[in-house]
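Both complexes shown next keep chain A, but they swap its partner, so chain B is in the first and chain C is in the second.
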Partner chain A sequence: MNVALKHTAAEETLLAMGNSAAAIAKLQAIGLPTRRVEAWHYTDLRNLLKTVPAAASAVDAGKVEASFNTYKRLTHATRLPFMNGSYIPALADETPIGVLVSYDEAKSSDPGADDDAIGLINSIAGSNGLSLNIKDGTKFDKPIGLAQLVDDNVYCGTNHSVAIGKDAKISIIERHISADGIAGHANAITNLTVGENSEVLWAIVQEHGDSATHLGQLNITLAQNAKLTVLALNCGGKLVRQEINVDSNGEGAHLEILGVNLVGDGSHIDVTTRLSHNVPHTTANETFRNVVTGNGKGVFQGQIKVAQPAQKTDAQMACNTLLLSDDADFSAKPELEIFADDVICAHGATVTDIDEDHLFYLRARGIPETDARALLVKAFVDEIFDDLEDETFKDALVGLINEWLDNNG
Partner chain B sequence: MIEIKNLHVKIAEDGTEIIKGLNLSVEAGEVAAIMGPNGSGKSTLSYVLAGKSDYEVTEGEVLYKGKNLLEMEPDERAAEGVFLAFQYPMEIPGVATMNFLKAAMNSQRKARGEAEFTTPDFIKKVKAAAGGLGISMDMLKRALNVGFSGGEKKRAEILQMALLEPTLCVLDETDSGLDIDALKIVSDGVNALRSPDRAFIVITHYQRLLEHIVPDSVHVLHEGRIIQSGDKDLALHLEENGYADVIANAA
Partner chain C sequence: MPAVQETIDAVREIDVDKYKYGFSTDIESDMAPKGLNEDIIRFISAKKDEPEWMLEWRLEAYQRWLTMDEPNWARVNYPKIDFQDIYYYAAPKNFEDGPKSLDEVDPELLKTYEKLGIPLREQEVLAGVRRMDEPSPMDEDGADNVYASGRVAVDAVFDSVSVVTTFKAELAKSGVIFCPISEAIREHPELVKKYLASVVPVSDNYYATLNSAVFTDGSFVYVPEGVRCPMELSTYFRINEQNTGQFERTLIIAEKGSYVSYLEGCTAPQRDENQLHAAVVELVAMEDAEIKYSTVQNWYPGDETGKGGIYNFVTKRGNCQGDNSKISWTQVETGSAITWKYPSCILRGDNSRGEFYSIAVSNGAQQVDSGTKMLHLGKNTSSRIISKGISAGKSQNTYRGQVSAHRKASNARNFTQCDSLLIGDQCGAHTVPYIEAKNSSAQFEHEATTSKISDDQLFYCLARGIPEEEAIALIVNGFVKEVIQELPMEFAVEAQKLIGISLEGSVG
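Then we have the complex of A and B:
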């Protein structure tokens, strides 16, 4: 017996937006994932995603600059701005020599694997995207800023391709912003390749308002001796899922993932990472610090896959969470799948309250309890960004964290 | 300065009674040493004075400058001038020592209704105090006590004491884990703070520390009570004969 799936309102909307026949067929057949789909066990998307807003019609060019100006820049970046899903070349800074930018409207993308709901939505609801080609040997201290501002209740799909050549050194900041009350839906996919011997920092700064849906996916391929640091700060959004998928395909590749998730009342933030070590001698180090307040719900799923030929893999993963209220909730699922026999893999997850002995020590020095708690929470997350070279950017991130803690702590 | 009367304290969690009728009075300007064997209640006494919530006072009172100390929160006690130099100072990752010092000093000043230090004034004060204790500015930029050696942690405690200018200093086994050079630096730091307005309670296991910080009075703590008091010669007697005969005499 084959009973047709009864679609939810969000699924009906997506089907009506239908840009890709393959994606329509897939969504019709399987729907959005529920908790029965393992990859979505803690984020029941079918249940949580009530509606999908229509895509923005046309961006009001006159409003764009003023809207962007309401947000302070994080650092001195070469900005490539998007608003409500569209690229705004008029506001783009001139890109440095060695960086080639091209823009594709209505990019078509493949719906991907069955549990890739973010890819499916991107494919069916559509996307625009930049292609960034960074030539061999290109070295910049000044980051490139991919900023997406959502200032209306609209669907915004982006699908960027970033190809970084050999021996390059560059930082790219992907920033997502919207104000409280804006019920936008951002679906942001980036496919990133890092070439041999290149050293790259990729930062995702998600600071949406309290009503936004954000589904992000960063798919990465690392070549030989590539060094990539992915920095992820989630400090907003109502329903957020950020996926980071990494294939280490070249020997000597090193990946560092540093993340902070600040999950406030009414917020659901899920970070799901898959690190695939496919060749010998690759290393990875993944650390997340999470703070959950009110009735916030946080999720971390960290998968490490070591293929049979990937001997001498060294992969470390840690996820530490502070729950600041009785209703706060955090689910952490580390998952190791190892087929090689000579590897070092470790994972650890802790969920705690503030250490009473630390608190007493600070209070015994005269620091009142609320101040002492705030100091300890800040210390717990700020530490993640200690080694960041760009001091302006580091200060901006710490500023975002402090602001969030002041409003939610 | 401080008057402890018939103090009884138990561990809040399991109800074990640790302090069983302790009486002690320390005057301004006095350095009182408290000695005693392991398990006699020395550290418990220091924690109770600082206000740690793991302990429950079941009887007695503690008057500090005439006020009921036991009713105050730990940070209120600190602002009133009580300072505990911890036996095991906490390592607090992510909190830079300088930021911590500034927060502590200014919180206390604020609580007392005094103006907070400006950053240049604060740095000047810290530099002056740190130099004498052999503490580098580099060390102060690091997270509080994280990766500090045993000696560095104790010196950092004395630095905090010097900067916070308390009126009652409780030193809990400040000599533990110190080599002879570090002991000298720490003792000199303490001696420099001795003044007619300030009282010290120096808790120690050994006479060694008291050669450097010479006490005005020595009290033997055993099974939660002071069983004998005397002058500095009592410490010498304990060093030579151990606690056994003092305990036997008291029994």
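Then we have the complex of A and C:
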């Protein structure tokens, strides 16, 4: 465990921001996590998080629209925009019937478990958040887009709760954007519950600029026969940690996690997932593809936990990584923690360079080496989103990937 | 699944009585008082007739140890160890002078060996060791009448002092030094000084530091340049005196182009208080050298609540220092209440290779947290990890391994496979691999699976008239085959037996 508070600049700022007595007491007791905290083994937050900027002051309404307009919309989603951590109802699209939206400022949240530094920061530095209520039986094709823009060197805390009722079918896209050079700090927590028989797609598209800090956490509870697909695309940010915590609490629940992490020069991207299978007959399938270039540092920690009653669990996890530079660095910790005997659990992890045989195949067909490499890298990551139903969204994601590869390849 | 309900019940039944090797021998012991302080260390050092530099080295380690905290990251739970409530030195009294042949050995001790059966008394393996009522051929010149093949030189460790060293003469002929480490400290100080703690530094971890301060005995092997060690070397650890922590220190050095295979096996008598075992094993392989280190561990696992079992905190590490060197660890872990053990390889030399083959069987309330570290530092280094965990009863079995490639370790290659088999719904199997690549030409593959014996496999066997118990035995044996194959022949036999005993009732 932590050796207690070290009074780093970031810790001091957080204490000064202190919104909740419980959180202050906790930070004072344990400080920010270091490598010694198992959950943060490869992301030494105490040393990596140099400063925490001040929270944003009131948003300049005149500037907002212009700022949003500099970014292309990803898809035809119903937009619920946030700027610097505040909801901008003026720019929000009308939500369809069946979706209830309410907004709370200065939400208070619990500091969470000892190794939950994201929850602790969210609690101590404060957050605003939406409550989204999706009624039973609501079905529509048009996604809902939570567009979260960071436009200044400010701290933006968000804490959303999304409750999806029974028999619903919906897609929600959580997008995080900022421009290069903006040293903002986004702390984004979402608590999602998926009701019985619902079919949900949740996408996290993180395309921050090269100076941003992004600490994201998605906490999910699945009810009986719920089907959830989580897409995660990380293609930006300086210090990024995305946690995905899933509790499969209903029999027949199925979870699919598909992720692509593009780690460029100067970037540290950590994806940590924790899948807890608590009841019998649940399934999960998790696949991550990572590309690391320059002196980027990628981290994948995936834990599959099967509780004693959760017989007949089928959980698979794969993490494949391409290291494209000798200065690049990738660490993986795929964990299995199994207390039930009648289960099928497996994980696989690979770290390699581009396969020489594949390269040879293409070169033998007259494709120049650089093109062949690019093609192989593209194929390696694009494949992840192949089965996505929403073609426009898929194209948008592939577009983001290609743009990143062109800039970093 | 109803088909294995019987198995589960049978496994649950296993308790203290089933521990075949649970007995303790009444031999007068020469003991240091309980507890640990500088005087005890001086006592041990004096008993061992050690030179001044060794004592200083121990005292320095002790001072370091006092500043350290017990590690708590492993997935094991046990009551706090009172390090002042342990005897740090116990030597069978009758052997102070060091007998030269089995004739001089206390018959009680031999009886103990006899009860152990394997491998000390297994005739084929241990040519030369007869029943106690027969004349012993283990004198200096007795080496002539051993069988031509399957010879094993045994350095038997009874509690803390090596009492019998066999085949010494023959080994000496080829220039191999194989002796207790206390003797090596006296007679080969230059080698010991050079290599001791070169692989596992004094302050490496809590238990290694403790070991450095209080180690009482262990084996020392030195294989000179170009020599292929003419026989398998073996040591037999056995904790006997109640409440005695056994602190073994083993150091194996294989010079350029040499080869040595070392076997280590252990069983311990049953008792009520937890015993602490904190050993350190260091291997050094020079250019083109190869070391093969095999372990069969069957210490007392405690009763069904884990009470009374051995605490096994071991630091084993090999250094592939020279180019083209190779170190291979093979282990079969069936005993101990708590196992905390990570035989590792530092792949420093170019083209060096590290291997780790492991079977860890846990039953009852046993807790195993074991695995390996493969640290790739040199170019074109490769490593292979095959780990098979079988958990039954209420046991917890964890694989914890690290594979890392240093920035300069171009073309590092690793393949890791860890499979877990669960028998019964009260046990746990966990896998915690750490994969760290800092070089783009590194190629790491890791796969892990967890499953139980599938209904299909069982059905296949049953449909062919194989009884269920036998079928399970067959499937489990198939599951661990890849590792068993890596063991030297004579140990493979024992290993299979041990797995059988450990899972008694389920795999017969």
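Note that in this section the second predicted complex is superposed on the first by the 403 of 409 C-alpha atoms of A that agree within 3 Å, B and C clash if a C-alpha of one lies under 4 Å from a C-alpha of the other, contacts with A are read in each partner's own complex, and residues count from 1 in each chain.
FYI, contacts are C-beta pairs under 8 Å (C-beta built on N, C-alpha and C of every residue); 3 or more make two chains touch, one makes a residue touch a chain.
In this text the structure is predicted, and so the values were computed from the model without any measurement.
A.B. asks: Please determine, from the superposition on chain A, whether chain B and chain C clash or fit.
C.D. replies: Pair status: fit.
A.B. asks: For A:60, decide between first (touching chain B), second (touching chain C), both and neither.
C.D. replies: A:60 sits against neither chain B nor chain C.
A.B. asks: Quick one: is A:383 in contact with chain B, with chain C, with both, or with neither? Answer first, second, both or neither.
C.D. replies: first
A.B. asks: Check the residue A:347 against both partner chains and state whether it touches chain B (first), chain C (second), both, or neither.
C.D. replies: A:347 contacts chain C only, not chain B.
A.B. asks: Based on the superposed arrangement, let me know which partner A:323 touches: chain B (first), chain C (second), both, or neither?
C.D. replies: The answer is second: A:323 touches chain C but not chain B.
A.B. asks: Please work out whether A:364 is in contact with chain B alone, chain C alone, both, or neither, and reply first, second, both or neither.
C.D. replies: A:364 sits against chain B, while chain C stays out of touch.
A.B. asks: For A:311, decide between first (touching chain B), second (touching chain C), both and neither.
C.D. replies: So A:311 only meets chain C here.
A.B. asks: Kindly classify A:332 by the partners it touches after superposition: chain B alone (first), chain C alone (second), both, or neither?
C.D. replies: A:332 sits against chain C, while chain B stays out of touch.
A.B. asks: Looking at chain A, does chain B or chain C touch a larger number of its residues?
C.D. replies: Ranking chain B and chain C by residues of chain A touched puts C first.
A.B. asks: Rounded to whole Å, what minimum CA distance do you find between chain B and chain C in the overlaid structures?
C.D. replies: Between chain B and chain C, the shortest C-alpha distance works out to 12 Å.
A.B. asks: What residues of chain A sit close enough to touch chain B in their complex?
C.D. replies: 356-358, 360-369, 371-372, 375-376, 378-383
A.B. asks: Write out the stretch or stretches of chain A touching chain C in their complex.
C.D. replies: That would be residues 38, 41, 308, 311, 321, 323-353 of chain A.
A.B. asks: Which residues of chain B touch chain A in their complex?
C.D. replies: Residues 50-53, 73-75, 77-79, 84, 86, 89-90, 92-95, 99-100, 103-105, 107-108, 111, 143, 160, 164 of chain B touch chain A in their complex.
A.B. asks: Considering the complex alone, what residue numbers of chain C touch chain A?
C.D. replies: For this pair, the touching residues of chain C are 1, 73, 407, 410, 420, 422-452.
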